[in-house]
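Labels for the chains are A, B, C, D and E, by order of writing; each one numbers its residues from 1.
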Amino acid sequence: MLSVENIDVYRGRTHVLRQVDIHVKHGEIIALIGANGAGKTTTLRTISGLLHPAKGKILYAAGKGKRQIEISSLPPEQIVSTGVSHCPEGRGVFSQLSVKENLLVGAYLRKDNKIEQDIQSIYEMFPILEERSTQAAGNLSGGEQMMLALGRSLMSRPKLLILDEPSLGLAPLVIETIFNKLKKINTEGVTILIVEQNAVMALELSHRAYVLETGRVTLFGRSADLTLNPEVQKAYLGGE
Amino acid sequence: MTHKKHLLHVVDLVKRFGGLVAVSDYSLTLEQGELVGLIGPNGAGKTTVFNLLSGVLKSSSGNFFFNSQNITKFSPAQTARVGIARTFQNIRLFEDLSVLDNIKVAFHMHHGKGFLNTIFHTKKFRQTEKEITQKAMEFAELMNLTELIHEPAKKLPYGDQRRVEIARALATNPKLLLLDEPAAGMNPQETAELMRTIKEIHAKQDMTILIVEHDMRLVMNLCQRLQVLNQGQLLAQGTPEEIQNSPEVIKAYLGSPKENPHAIC
Amino acid sequence: MDFGYIAQQLANGLILGSMYALVAIGFSMIYGIVRLINFAHGDIVMIGAFTTLVLMETAGLPFPLVAFFVLLTGCGMGILIERISFRPMRGAPQVTGFIASLGISIMLQNLGILTLSAQPRNFSFPSYMQRILNLGPVSFRVVDVVIILTAFFLMVALIFLVQKTKLGIAMRATAENIDVARLMGIDINKTIMATFAIGSGLAAIAGLMWGGKFGQIDPLMGYVPGLKSFVAAVIGGVGSIPGAILGAFILGLSEVLFVGLLPPIYSSYRDAFVFGVLIIILIAMPNGLLGKDIGDKA
Amino acid sequence: MESNRPRYCLGLLIMFMVVFSLGIERTANDYILAIVSFTGINIILAVSLNVTNGFAGLFSLGHPAFMAIGGYTTALLTFSMEKKPLFLPDLPQWLIPVHLPFFPALLVGGCFAALVAQIVGISVLRLKGHYLAVATMGFLIIVQVLLNNANSITRGPLGLNGLEEFTNVSWVAGWVVVTIYTCWKIKFSSLGRSMLAVKEDSMAANSLGVDLFYTRNFALTVGAFFAGVAGGLWGHLITAVTPGSFSLIMSFNIIVMVVVGGTGSITGSVTAAIIFTLAIECFRPLEENFGIYGVGEIVISLVLILILIFKPSGMFGTGEPKFVTGKYKQLSPTNGK
Amino acid sequence: MKKCFITIGLFFMSLPLATPCFSAEPIKIGALYSLTGGMSSIDTPSLRGAELAVKIINKNGGLLDGRMIELISVDAKTDQKAAAIGAKKLLSNGVIAGIGHSDPSFVLPSAPLFQKKGIPFVTSGATLPTLPMMIGDCLFMVPFGDDDQSFAIADYSFKSLGVKNVAIWTDNSMDFTKTLSKFYKQRMTELGAKIVLEDFFMMGDKDFSAQIARLKNVSPQPDAVFISSIPNEAGLTTKQLRENGLTLPIVSGDGFDTELIVTVPGKELANDVYFSTHTYRADPRPEVIQFIADYEKEYGVPPENAFAPLGYDAIALIADAITRAGSATPKALKESLAKTMGFKAVTGEISYTRPSRVPVKGVSIISVKKGEYNVEEIWFPTTK
């Protein structure tokens, strides 16, 4: 579905990603793990078009059997229209917009008449959002904001959902709720690419995972295998 | 007063942003010459602690003392003057200035604002300038930057920029050095080199250093003592070994494993 | 100083305020979305006024049609200016855009003098607009009512647009966080262009009314409304549309009352007063009366 | 550390100025002399605004206000004693016997402007970015209004005229050298470095012990001093000062010079001031021969916008070009003693 | 880059120098007007008038046995600096006389430069009566002084309109308007009238509602309002006063001599307005009729305001003086100009007989009734 092929990305003069190669198949949950500054967020921003690779390319196909297109030079709005939805780091809810408006922005490119219906289903998924639908999103708690951000990302009916650190700064109970929803979303046919600091949870959730270290993919494989790999722990906790 | 003998003594520091408690009841004592690490997952409040200690942010409550002086309400410039220097997580160099000039800025507070001296190009001015250049060169050499001194800071690669930032902080002649993720974005060789340099600074100048860092290899190998922050609260303290084996810390870092926790440890 | 006098002054301030508001809204919108102080905004007022003149006197079009075309011209100018000058500068330091807008303003003024001559032109609305109405001690004209109603209608329409429509939500989203807005599929170029178009359209309509109310226009007329609406926008909090409206009314009223209630000789100090207030507001409440904290972006 | 090139350049500059001003005063006609003098004044203005705007990053639109303060002060101080009762019948008593020769009057004018800058700085320097620009613009307008209304001292809108024509190419050349020298010294001193540091990253500079307010206020004051002096020179060149002259347009013109030359670059400001002043004069024949007045302004605005789009850092960026600074002599810390 | 600029610069600068010489050496006259910026609406017509005069003189064979007049025009940009540079440029070009400016603030930086070189400068529009004293014997005024026009309208309003209580509105941002009010006030007080209200506005103001409201509330109610403004505010104040139901006579000086006082308020409201001005508008003298016809033929529009004939007169005055002197040297011209007696200019007869060297010149009092201009009387100053 998504092939990130040997991309090199610079931010300013800094070489952030070197030869990153990631492949995502339909229906998978892929986790991208690694320490801070490893280049996880940069990878996601490159996939969704906010950054452009200096070398390498990114190919994407919206569905099984659909034609693969190269998206590495497209602007983000066009990439969104192909079915990629990126839930950014730090949630990025529009704090001055109401909860409902945030959801509507998520459906910005849709022209069908089922938007209202989808909003209802998001409300069903996170009832707290319905209660607060007219409040400014900035007044929501961190967990509620995350739910909103996730709901907003789903509003575009994505084929591929990209999540950047959904657990950041959240209470464990909330994290668990969110991760359960992610599982459910995945079973409904949405492919997920997730960047997560919380490695254990990420590995538990995902089918396969890539470990990034200083802009390079150092390890990848089935999540169950990686969980047992001592290298993973080392990447996080150091030690020799 | 117990804080009398310590270099830095932090008592129950609290920082709130609106409703969010970023740091709650943080305490720390640092003795002269210690090298301590402050770790924790993203968003734990480590940088906030640094911002409080360096005067960039004002604390909501709590106090901290430096050499028995209450510096809780000091501005960053005042904090720098009493001898606390810092680096920034997202490098904040003066990008258009050369490496040498970046370091020279740090001498400003010690050496004259003498405006008339400057304009009339007095002997004193020339001497000070010479002295500043001299010392700046020394710090550049210490951080292995001699080759690069005339390059504009923005043209340097990431790792070099980090080193410039450290050199610049050292040039303020601090008693306490706060390093905010010095190894972020460095490759393993660079990190190893940085580790050596920090050790050297620590040993040679008997500098007290507090490091926030994600690279555990670096922290574990470097620090004598570690503090772990999670969600704004102090989770654990102790030697690197103790921390590495603390189940709470592992949980905070790697997440809460529901099954099979032993597979990881 | 009886009640009638004060009531009249208040009414005058209200009329002046609603004209400032039309200009200030566009100013504030543009600032809100791209953080640009667009000094050329006032010159769109001038362009609007001259377009009205040309359409009414040369082409002899009926009034509503004229207003429509003036609106279109304003939108077009806004898009043109954004496209050829501000878009290539996006991402540069804020003052870059500010200086550029000063440059555009000087360019438009000189082009105006060159092509239209510096002579003030008379500008007359149909005579039914000039009729005088009396409401108790307060007298005003039909055109004043039209101005207030139009300004009110456009403000409501604009607030509706910004609050309720898809474009409005996109505009607010873009103003808050460009990157995330793009991730939602919003074409920020189009959104920014739309903002410039709407803001400039309003300014052009303000030009039409300015001409209609005062009956005289010239190529340098944009300077004052530009400057005043800018002050109004800052008082209300740049970036906030209700703020711009509030600021405009406060400014309009205080200008009229400053001149009207103090001894006459103080009128010459009016601009010093206006800018003194501006500086005090900037220092005391940097986000204006209704503005939101835009933190480091400011 | 640095090469001796700047010192040679300064020497060369002084020599050039001496030869140039002596030479041109003998040969050229009044028109050329006036243009040369205005070019010099523009250099002073651009270089001094560069201290405020370029070094310390304070985007000030108030430069003409400081010019006006300096210009009026100088004019009042040098006003001929015989003409005073005739031209300024309402002058306050204490001001009537005050009289100074040109040079001290210029200094007093500059110092007074600097003093006002100190006071203004206390209130507006907490503002950032274009909020500061707006506040300084307000200051400019307030100064204009006050000059317009303080009839007894300033003669209101008519302004002070009939000033002695003290300013000539030599005076201007002298001040150009002083301005460039001072600003250069500031730039390459601890003070200048801290200004540049404050501009680039105020928080980092503050954390290194740089006092933000002191540094900013100092930059504003130095700029104001030279603006005041330039105002004095200006007034005694055209023999009149009026409130209308010190306008937003003038502010815009000076900023154009700074931006085109490169904010922070002294060489840039000097070059841009020369090009700008000459360019305006160059457009005159074009305008006059074809009757298209205003084309000069249009073209200059256009060029400005193009520069902002394609080379936002200006001709020389923040730095000084190599032909002025020379190459660095490499020296290691050991042999520097 | 720099070289390129300099080359282009030198090229342009050399253009005017390279104008080919005619058979006889032309007589160079410099014109200094603000053709851009705030003054341009007043100054541009003056230049057009002057250019017209030059064209007509040259068509009729020039002066002094076929020497053509060459008018060198420089833009003063509504800026003192540009005015001074412009004056120096003209002087370097070897002009034998300069004309220009409609406001003393621009005469003051430029005319002294002419004075210093002993070259006469004729201001076509600046009416400050102290100008010749301030600048010296090289300055000549085409128009009357502000004192004369203020006295004229004061006399008229007191004697003919019967004004006993008067309100005075002054544009406080210009010297011209302040001077005008000062003299009007002086004369009215001398005559025994009472100033019931003094109010102020600033150039560029569009909204006079506060002043109007105050005028309505003043007691005793004035019999007339004197508005001292330049043309830009003339129409606006008239319109707004009338629209607010104030029908009292409006009196003013030559700042009101503009079509705007009729076109802006409309014919109905342009009523009961009286102003003193150059004896030009609605004047049946042949010079005036001829001038208007020529102007319309040349530019396709009638003269924009009284500054057009003033510019014309400045050239005509110089041409007359040159003819009388029989020489085109500055010195001869200056002497000849000073002896001008009864020169029939479009804007009235000019004689420099006063010690103040402000011309003794008729002042028209013009009334506007329902949009129609009418000359009420011609006022002559007493020669002091």
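By our rule, contacts are C-beta pairs under 8 Å (C-beta built on N, C-alpha and C of every residue); 3 or more make two chains touch, one makes a residue touch a chain.
Only a predicted model underlies this, so the values are computations on that prediction, with no experimental measurement involved.
Student: Which other chains touch chain A while also touching chain B?
Tutor: The shared contacts of chain A and chain B amount to nothing, since no chain touches both.
Student: Among the chains here, which has the CA centroid at the largest distance from chain C's centroid?
Tutor: Taking each chain's C-alpha mean as its centre, the farthest from chain C is B.
Student: When the C-alpha atoms of chain A and chain E are each averaged to a single point, how far apart are the two points in Å?
Tutor: Going by mean C-alpha positions, chain A sits 74 Å from chain E.
Student: Based only on mean CA positions, could you tell me how far chain D sits from chain E in angstrom?
Tutor: For chain D versus chain E, the centre distance works out to 35 Å.
Student: Determine the centre-to-centre distance between chain B and chain E, using the mean Cα coordinates as centres, and give it in whole Å.
Tutor: 73
Student: List the centre-to-centre spacing of chain A and chain C in whole Å, with centres computed as mean CA coordinates.
Tutor: That pair's centroid distance is 42 Å.
Student: Pull out every residue in chain D that's touching 2 or more other chains.
Tutor: Residues 148-149, 249, 293-294, 297 of chain D touch two or more partner chains.
Student: By the touch definition up top, name every chain pair that qualifies.
Tutor: A-B, A-C, B-D, C-D, C-E, D-E
Student: Okay, in this complex, where on chain D does chain E touch?
Tutor: By the definition above, chain D touches chain E via 29-35, 38, 87, 148-149, 156-159, 161-162, 234, 237-242, 244-245, 249, 271, 274-275, 278-279, 281-289, 293-294, 297.
Student: Show which residues of chain C lie in contact with chain A when the two form their complex.
Tutor: 166, 169-170, 172-173, 176-177, 179-188, 292
Student: If you look only at chain E, which of its residues touch chain C in the complex?
Tutor: Answer in residue numbers: 36-38, 40-41, 44-45, 172-173, 197-202, 204, 206-207, 209-211, 213-214, 216-217, 231-232, 235-236, 239, 243-245, 259-260, 263-266, 304.
Student: Would you mind writing out the residues of chain C in touch with chain D in their complex?
Tutor: Residues 37, 85, 88-89, 92-96, 98-100, 102-104, 106-107, 110-111, 113-114, 230, 234, 268-269, 271-272, 275-276, 278-279, 282-283, 286, 298.
Student: Which stretch or stretches of chain C touch chain E in the complex?
Tutor: 1-2, 5, 8-9, 12, 15-16, 110, 113, 117-120, 122-124, 127, 130, 132, 139, 141, 210, 213-216, 218, 220, 223-224, 256-257, 259-260, 264-265, 267-268, 270-271
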